[in-house]
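In the two complexes that follow, chain A is the common piece, with chain B as its partner first and chain C second.
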Partner chain A sequence: MRTRRRLRAVCVAVLCVIFVVGLFAGTVSPYSYSKQFRERPNAAPSSSHLLGTDSLGRDLFARLIYGTRVSLLLAPAAALLATLIAGLLGGFAGFMGGWCEKLILSAADLSMALPLLFVLLALRAVLPLDIPPILSVIATFILLGLLGWPSSLRVVWAATKNLKNSDFLLLARATGCTRWRMIARHVLPNLRPILLAQFWISIPVFVLTEATLSMLGLGVTEPLPSWGNLLRGLEDISGVSANPWRLSPLILLVLVVICFQLILPAQEETA
Partner chain B sequence: MPSPSPLKKKLVLISLLAFALPARAQTGGELHFCLRGEPKTFNPILVDDDASENIRYLTGGVLIRLNRQSQALGPALATSWSVSHDRRTITFHLRKGIHFSDGTPFTSEDVAYTMRLLMDPETHSPTGDAFRSSEGAVQVQTPAADVAVITFPAPIAGLERLFDQVAILSAHSPKKEMAVLGPFYVADYKAGSYVLLHKNPNYWKHDAQGQALPYIDSVRLDIQRNRDIELLRFRRGELQLINRLEAEQFERLQHDNPAVTRNAGTGLDAEELWFNQSPAAPLPEYKKAWFSTKEFRKAISLAINRADLCRIVYAGYAKPAYGPVSPSNHFWFNASLEDPKYDPQVALNLLTQAGFRLDNDTLKDRAGNRVEFTIVTNSGNAAREKIAAMIQQDLSQVGIKVNVVTLDFPSLIERITRTFDYDACILGLVNTDLDPSGQMNVWLSSGENHQWNPSQKTPATAWEAEIDKLMREQATAATEKERKGKFDRVQQIVAEQQPFIYLINKDVLVAVSSNVVGAAPVVLNPAGFWNVDILRLGPASEFGVQK
Partner chain C sequence: MLAVLCFAGGLLSASLVRLAPGYGVDERELDPRLSQASMEAIRNAHRVNSNLLSYYGRYLARAIRGDLGSSEWLQQPISSLFKERFPVTAKSVASGVLLAWGIALAISLANVLFPGFFVEISGTLVSGLFIVLPAAVVAIFSVYLHAPVFLAIAVVTFPKLFRYLRNLLGHAYSQPYVLAAQARGIGQARILFHHVLPLVSPALFALLGVSLSLAFGAAIPIEALCDSPGVGQLAWQAALNRDLPLIVNLTLLITLITVAANSLANVANERAL
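Moving on, here comes the complex of A and B:
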């Protein structure tokens, strides 16, 4: 237990450092993420370019930390949105029951049946073209948040259903406790660990979904970097073996996903 | 002294021939390479995709063959031909004593049968579309077994060249389109896996020593969409040819084994940028005004560093594009066109003349609108995405803000052909035809592929009207020289008006194993195996296992 706590502290520290570097990317980075040093494409790491340059001669270190800002700030925002929707609808369905429950669960099932990738493709296609890249990114993450709630909803709904049938809620109802007081004082505090777990689980999922979308050229658009579009540089495997520093976005992504997984409360802690 | 017996004479001749051939070359063997997709048809008159086109080239016998190296037409199944002065009638004199792969004799009746099928509207032949100059039936007369006279209802530009695509079918063979006159015939096909071609025992061509061609016994075409796997298999020695390589792949291969890489030169295909000038476009009026201003388009062209595009995006395996015709198209390229220039200062001067002004590194128009537009291109094409990112930086030097949006292909096509809801687009133009008549649908203002403003009822501008007139005139001109003069003027107008801003022409990059003797890749399709009938295979590949 103690080891786990220590490990969790290390993970939190690592995530905090990465977050802070991403947040102050403009100060930390020596160059703009879009500046092309055309005389130095695919350059090896040097004192002027710590991680070398990409195929267009852009500083890879600058792109990595700006990409961190995009991926690590927007993925939690999308996770928060998805968890809030799941918490509200799941809690409501579980607590109210009846036709309301059936309707919400059917909607969740329908959403889960939709192929997320194609829905995102279609939605991106109908977005106006002249929106700036940063708005396009925000729109992408909002879409991820709006479409990513159904699996969390099922968990929240099941937990609420259990709570509703619990002895302490029966007792509260017997003592004349109002419905809203029961939700505020008894249901929500008991759902908190589940909602938190869903939130932490969703962050790496959204980071990876954005990475997948960018790998397909549909997420964050040029010249704005994200971990996803930085990972596209790995498509050329032999290029990577020649320039192994191109693996840095992948290493960072793996590190962040592992850290998020390790800081999640253990099952026995949430129980 | 007794004269040598005929058998001895033959043996001596064979021995001499063996010494005359390159030391490593031999006849027979199997050439192995890949198709990038499933062939949709083996019927040569229905060909509409690259894979089927390759099969048609390898199996089809044509009356006239375009020599891919010299770009000149030469006799094939027809020993000679003549075109009437009005360019409506072509008379072929056919080779005698030729048979299809199944033994059925070849006569002028087969030519008539092929033309009837080709021009039958029910057949929906894409090859036949090129011959449909106007309403009316095509007449085919066969005054003799070795003479065919074909008369079209209207003159056709470059008529004889079109026959390079017409593989003759047998009118009498029970095997229908599987009976062929080309060097190979389809022996086996497994959907999604391979097409196996065997040597046609009745192929009409012989080498200078009288030996029957082709030298190779069979060609195995594996169906493989993944280019990395194709390259890996080539490196392992499992394939002997890669017909077209991407610049990155080519460079990697050249690094490992330069002997197997062949750069055939600047290809016909171009990458281009254009602005949406459609009046139906749901764009603000000020943007429509920018895009329809000649100086604006010329300034954009001047501000793009094409040399950098070639060097960085294509690793140097591309050339800055002059215009609609690549310099590799020897006859039709207008050599008097100026080199594409890169000069941001001149671009800025042009913009100033057109009423734009630079305000704190931001370009604004007369009304004070910031000059900002979005370039769309198809997602998943790394080269185009890089081009767009580089143009983004180039144009920022003249104060223009460019956004880049990648869309999946169907959405992109929807925008550029139906809704016209886009500012500018980068796409590639695939040029399979040397003759300008193949580009009619691009240059005529009524054409659907007149991308900057398609399907116009009447030409929107005077210069488009002039292009319409010149394109129609070149199509009916009596001589090639006259046609060339008119198309040169079209290229001049395009260079002046820049409706398409041509960016680069990619090099044609081919990989040929060192055991393939006689390969001479060219820029025209099929680049690596255009002379398949004289290719020979030597001992096992020297590339061997991957280094």
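Moving on, here comes the complex of A and C:
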């Protein structure tokens, strides 16, 4: 138990460091993510380019840090959106019951039956492919947030349903507590750990989905970097075997997802 | 559920196609060889579809007859494209899901029946390693290693299945009547088939549907990057070419297949009970 707690502390520390570096990418990185060194394409790591350069002569370290900012700031934003939708709808369904509950649960079941990537592709295809990079980032993560709520909703709904039938809420109702006061003072504080757990669970899922979408050319568009479009460098096998440092985005992504996976049980336990 | 999905999915599909930017723009209008009358005929053909509800009505009527319209990019009927590509994906997905289930069940059972540090850590490590890799990265590795598409689908599906299966079987094996059966010296196979599987079968059937949905989702990046001519690759190409009728109808058809598989699994489960 103690080892596990230490491991979680290490994971939190690693995530904090990566998050802070991503947040202050402009200060940490010596160059802009789009600055080209045309005389040095595919350069090996050196003191001026810590991870070398890509085929267009852009500094890989700078792109990795800026990509971290995009992926690690927007995945939590999408997770927050998904958790908010799940919290509102799941809480409402669990608390109100009746036809509202049936309608919301049916919508969630229906959404869960949809293959997520197919729906993402269909919705992304509605938008033009040549939208500005910033808009592509926002569109990608809003789509993830809007489609990622159904599984969390089921959990929130079940927890709310349990709370609704609990003794302390019965007592609150018997003492004349109004519905809104019950929601604000009793239901929401008890749902907080569950919502928090769902939020943490969603982040690595969205990071991985963004990576897959961007690798397929349907996520964050160039020249803005994200872990997904940096991973497109792996498609060139000869390039990777000659320049193994091109694996750095994959290593960073795997490290972050592992850290999230390892700190997740702590959240589940609190839930 | 299937009927509601058909209706809602159809309406959503038609709305997406109809409301997408660029709908009704016809390249033929730029052809200087066409006469004014031909131009007017093209515009009239598009004007018929200007009302969303009437467009949906026509879409539904055609869909009932098996006509899902034509791909704007490939200029071919969507139904024939689907018939051509679906067997490739179905084969990969079926083999991948079967393999993933086999491995996940074997490791989960080993975890439960032979508890020990090595067995537990190896299962956790293997599933943990695969779960942190995006499906597209798995696809690239399978290209490097010349691995078949179904293997990549199995690698993506396995870790999620394993986590559920291990928990389900662990819970079932900790039930008092299973412990009592073990104490009486009943064979492991009998305990598994007579006491554990009946208990976990509803969850297993539900998981079967979920694993199909996961595998179809994984098929997109894997087929796209491994150059496998299936529905996943077609959906990706349709998205890149903004062929909305094709991508939306493919999504609808795949969804119907996964929901039908879920419903079949539910029916089979009810019969088994």
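In this text, the second predicted complex is superposed on the first by the 255 of 271 C-alpha atoms of A that agree within 3 Å, B and C clash if a C-alpha of one lies under 4 Å from a C-alpha of the other, contacts with A are read in each partner's own complex, and residues count from 1 in each chain.
The criterion applied here is as follows: a residue touches a chain if its C-beta (ideal position, glycine included) is under 8 Å from a C-beta of that chain, and two chains touch if they have at least 3 such contacts.
In this text, all values refer to a predicted model and were calculated from it rather than measured experimentally.
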Side-by-side fit of chain B and chain C on chain A, or clash: clash
Touching partner for A:125 - first (chain B), second (chain C), both, neither: both
First, second, both or neither for A:244, with chain B first and chain C second: neither
Touching partner for A:34 - first (chain B), second (chain C), both, neither: first
Touching partner for A:208 - first (chain B), second (chain C), both, neither: second
Touching partner for A:26 - first (chain B), second (chain C), both, neither: neither
Touching partner for A:113 - first (chain B), second (chain C), both, neither: second
Which of chain B and chain C A:55 touches, first, second, both or neither: first
Residues of chain A touched, compared between chain B and chain C (which is higher): C
First, second, both or neither for A:97, with chain B first and chain C second: neither
Common interface residues of chain A - those touching chain B in one complex and chain C in the other: 121, 124-125, 129, 216-218, 235, 237
Sites on chain A touched by chain B in the complex: 34-36, 38, 41, 55-57, 121, 124-125, 129-133, 136, 216-218, 221-223, 232, 235-239
Chain A contact footprint on chain C (complex, rising order): 1, 4-5, 8, 16, 19-21, 128, 131-137, 140, 143-144, 209, 213-214, 216-218, 220-221, 224-225, 235-236, 238-240, 242-244, 247-248, 250-251, 254-255, 258-259, 262
Touching residues (chain side chain B, partner chain A) in the complex: 228, 248, 252, 308, 311-312, 372-374, 376, 379-382, 385-386, 388-390, 392-393, 403-408, 411, 414-415, 421-423
Touching residues (chain side chain A, partner chain C) in the complex: 106, 109-110, 112-119, 121-126, 128-129, 204, 208-209, 211-212, 215-218, 228, 231, 234-235, 237, 250, 253-254, 257-258, 261
